[in-house]
Amino acid sequence: MNIDIDGIAKEFGTTTALSPVSLQIPSGALVALLGPSGSGKTTLLRILGGLEFPDRGRVLFDGSDATHLSVQDRRAGFVFQSYALFRHMTVAQNIAYGLQARPRRQRPSAPQIEARVSDLLHMIRLPDIGGRYPSQLSGGQRQRVALARALAIDPRMLLLDEPFGALDAKVRKELRQNLRTIHDDTGLTTVFVTHDQDEAMALADMVVVMSMGRIEQVGHPQEIRAAPSSDFVREFIAV
Amino acid sequence: MSDIALAPRRACTTEARPLRAALIALAFAGLGLLVFAPLALVFGHALSDGWAASVAALRQPDALSAIRLTLLITALTIPLNAGFGIAAAWFVTRFEFRGKALLITLIDLPFSVSPVVAGLCIVLLFGANSAMGGWLVAHDMTVVFALPGILLATVFVTFPFVARELIPVMIEQGRAEEEAALTLGAGGWRVFRTVTLPNIRWALIYGVLLCTARAMGEFGAVAVVSGKIRGQTATMPITIEMLYNEYLSTAAFSMAALLTVFALLTLLVKTLLEIRHSDQLAAMRRH
Amino acid sequence: MAVLSGRLIRRSAMPGLGLSGGITLAMVSMVVLLPIGALLARGWQFGPANLWEVIHHPRVWAALFLSFRLAFLAGVANLIFGVLLAWVLVRYRFPGRRILDAAVDLPFALPTAVAGIALTALYAPNGAIGSIAAQAGLRIAYTQWGILIALIFVGLPFVTRTVQPVIEEIDREVEEASATLGASRLQTLRRVILPMLAPAALTGFALAMARAVGEYGSVIFIAGNIPMKTEIAPLLIVIQLEQFNHDAAASIGIAMLAISFAALLSINLIQIVTRARMGHV
């Protein structure tokens, strides 16, 4: 699914989170929103996911206006920075949640849900942890469960907020590869937010550099490295 | 972990043994004079003429009516308060709006208003010689000196209890889990039932317990609005006062003992909950 | 709610704005704003001059001053005993600690009328403790001492419960640091620990005092209710209401509301000042 961001602006009180920004994301791309904290990247991601609403501008999914589509109807697989796993549910219950939340007529049967959960646990290569609680998992395991939970609803796109932020260096590298594989296997349009330029450059097909609510530059990692469009971009990717 | 084993290593972070003993003795003496002695006295006086006299006093028609009224008021107050507390905590912690601090102050206000002043406010609002009271009388409805007034007074004095317990818990838990449920397609009620409620359940029960204890025992506000009509608007605490003023000591203390049993029960459940609640909090910290 | 959304309320994906906001605002208006508004409106109709005349009447003035003064003294007693109790409960391990801890909450849970008659029976000249005091020439019940004891009873939990979590969070290394710098244990307590507890203790003091100023149920039995001597302000309101003198009742009520507001304001000021200085609490 392609995403068209058309002149989105957002203010919180007196602070401007997003000066009008526009961006076209082609179907199947793996996109990094890269910038320091306060650059508006998380706000943009939350607007795509339907968790915030822009003051002005439109969001189009495959050409149709989705600006006011409710968060439930967007079917965006969202991975939160803290993972936001339901702490009182087992891993399997977490993953099954979205399928069980469907209206009765669209809801898969219990055995179907069980099979889907099992498939997803295999896909994240943690087949045996279905009965555990989030508090019993390592950071890397939690991130993979959060990813599986987002994928369970058969999302139209995948949105990830600092997906590797809370992990140590070794696990981070492993899970980067994991995300790449999942993206390539599913073909989902994927947008992730990061403040780590290494991560953006290593993983994404398309990097969007943001600063103070504006988009500074959009391009393939090599293009950005070869020809930074501003001093800010040059300094930010040099760190 | 015994204190004695630690004493040599921790000598610089604790007091000398005699001072410690003196402080502990002071704590026991203070609570003994203020809390334990009155508690023992209530049961002692209640049973001074024997069980039978006590039970007989509680089975007087006026006493039974007071017990029924107090239980009814409590049963009506709890859902009103819990419903309000949940709504207020959701509104305050899940949305950004202007005037939030003012709203929280207004919710807290009943804590610092004298119960007698609370009762006075209700009399002035609904009493027969107020504008609203006149209208109510004309339509054959009474608030003051009747059940609605007692209920309103009780809701006023217990107003902040549930909301005050829920707001910090819901701030600490943040919105991420609820947002995650929304992105997975869950509707509002489902999010509340399956994600929010399990996370706030102990805090909710805790607030309801505080509310219950206060609702059963409220005296000042109810004394002002109830009119103290025996067998009709006299709650258990009001009945205690009337019996005591008539020098019916056994009857007064029997009723007091029954109320004390109710209070001790809520305290017991609360203490048990605190032990379990702390487990849950520890689990949350591990997360 | 639709009118309010937009500028006043930020649009959000969270469900239930209308429902939760509607219930909250309706209940706050019905339970808090309308009744208190009725009190203020009554005072306004009566007129500030008349209102002042009622408050300035010697008997009313004496009652207000008595309530305020004894509430303050009870707050001070609770401040000292509450900090001591919190320290003992958190730091020491001894048999009966759990029961002691649970007993601190009893004044919250025990109906005030029950506390009132029990304390009266206990501290009356023929009561278990009152008779001992009488031999020493001290009358407790039906004097200001009795009122003070009742007010200490109702305010007992506040200081202990606000100070307890702060003691639990004190880093032992701070005490050890003080000891390595050569401070005696008492110096450490006085110069390191007590200042750390002060903001919470003062908050508890203000809460206990606010509660005591308005207390009625536990006091009227033990007070004796002698005008000018042991008559508290809430009782005066009740007396005026029984005589259907609503204007005078409203005047005293407004005076008490003002005292409550002052207490609430001082709590907030304490918290703002200490937050600015210590970065938390």
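Each chain gets a letter, A, B and C, in the order it is written, and its residues are counted from 1.
Criterion: a residue touches a chain if its C-beta (ideal position, glycine included) is under 8 Å from a C-beta of that chain, and two chains touch if they have at least 3 such contacts.
Not measured: the values here are computed from a predicted model.
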Which of A-B and B-C has more C-beta contact pairs: B-C
Centrality ranking, top chain (CA atoms only): B
Chain located farthest away, centre of subunit A as origin (C-alpha): C
Averaged-CA centre spacing for the pair subunit C and subunit A, given as whole angstrom: 51
Subunit B and subunit C, separation of their C-alpha mean positions in angstrom: 16
Distance between chain centroids, defined by C-alpha means - subunit A, subunit B (Å): 45
Junction residues of subunit A, two or more chains touched: 50-51, 71
Where subunit B touches two or more other chains, by residue: 179, 182, 187
Two or more partner chains touched - positions in subunit C: 10, 12-13
Touch list for subunit B against partner subunit C, complex: 1-3, 10, 12-16, 20, 23-24, 26-28, 30-31, 33-39, 41-42, 45, 83-84, 86-88, 90-92, 94-99, 103, 105-118, 120-125, 127, 129-130, 152, 155-156, 159, 175, 178-179, 182, 187-188, 191-192, 210, 213-214, 216-220, 223-224, 236-238, 240-241, 244, 252-253, 256, 259-260, 263-264, 266-267, 270-271
Subunit B-facing residues of subunit C, complex: 4, 8-10, 12-17, 19-21, 23-24, 27-28, 31-39, 41-42, 81, 84-85, 87-89, 91-94, 96, 98, 100, 102-115, 117-119, 121-122, 128-129, 149, 152-153, 156, 172, 175-176, 179-180, 185, 189, 210-211, 213-217, 221, 234, 237-238, 241, 246, 249-250, 253, 256-257, 260-261, 263-264
Complex contact set, residues of subunit A against subunit B: 49-51, 71-72, 74-78, 80-82, 84-88, 97-98, 101-102, 134-135, 149-150, 152-153
Subunit A contact footprint on subunit B (complex, rising order): 174, 176-177, 179-187, 190, 194-195, 198-199, 283-284, 286-287
Subunit A-facing residues of subunit C, complex: 10-13
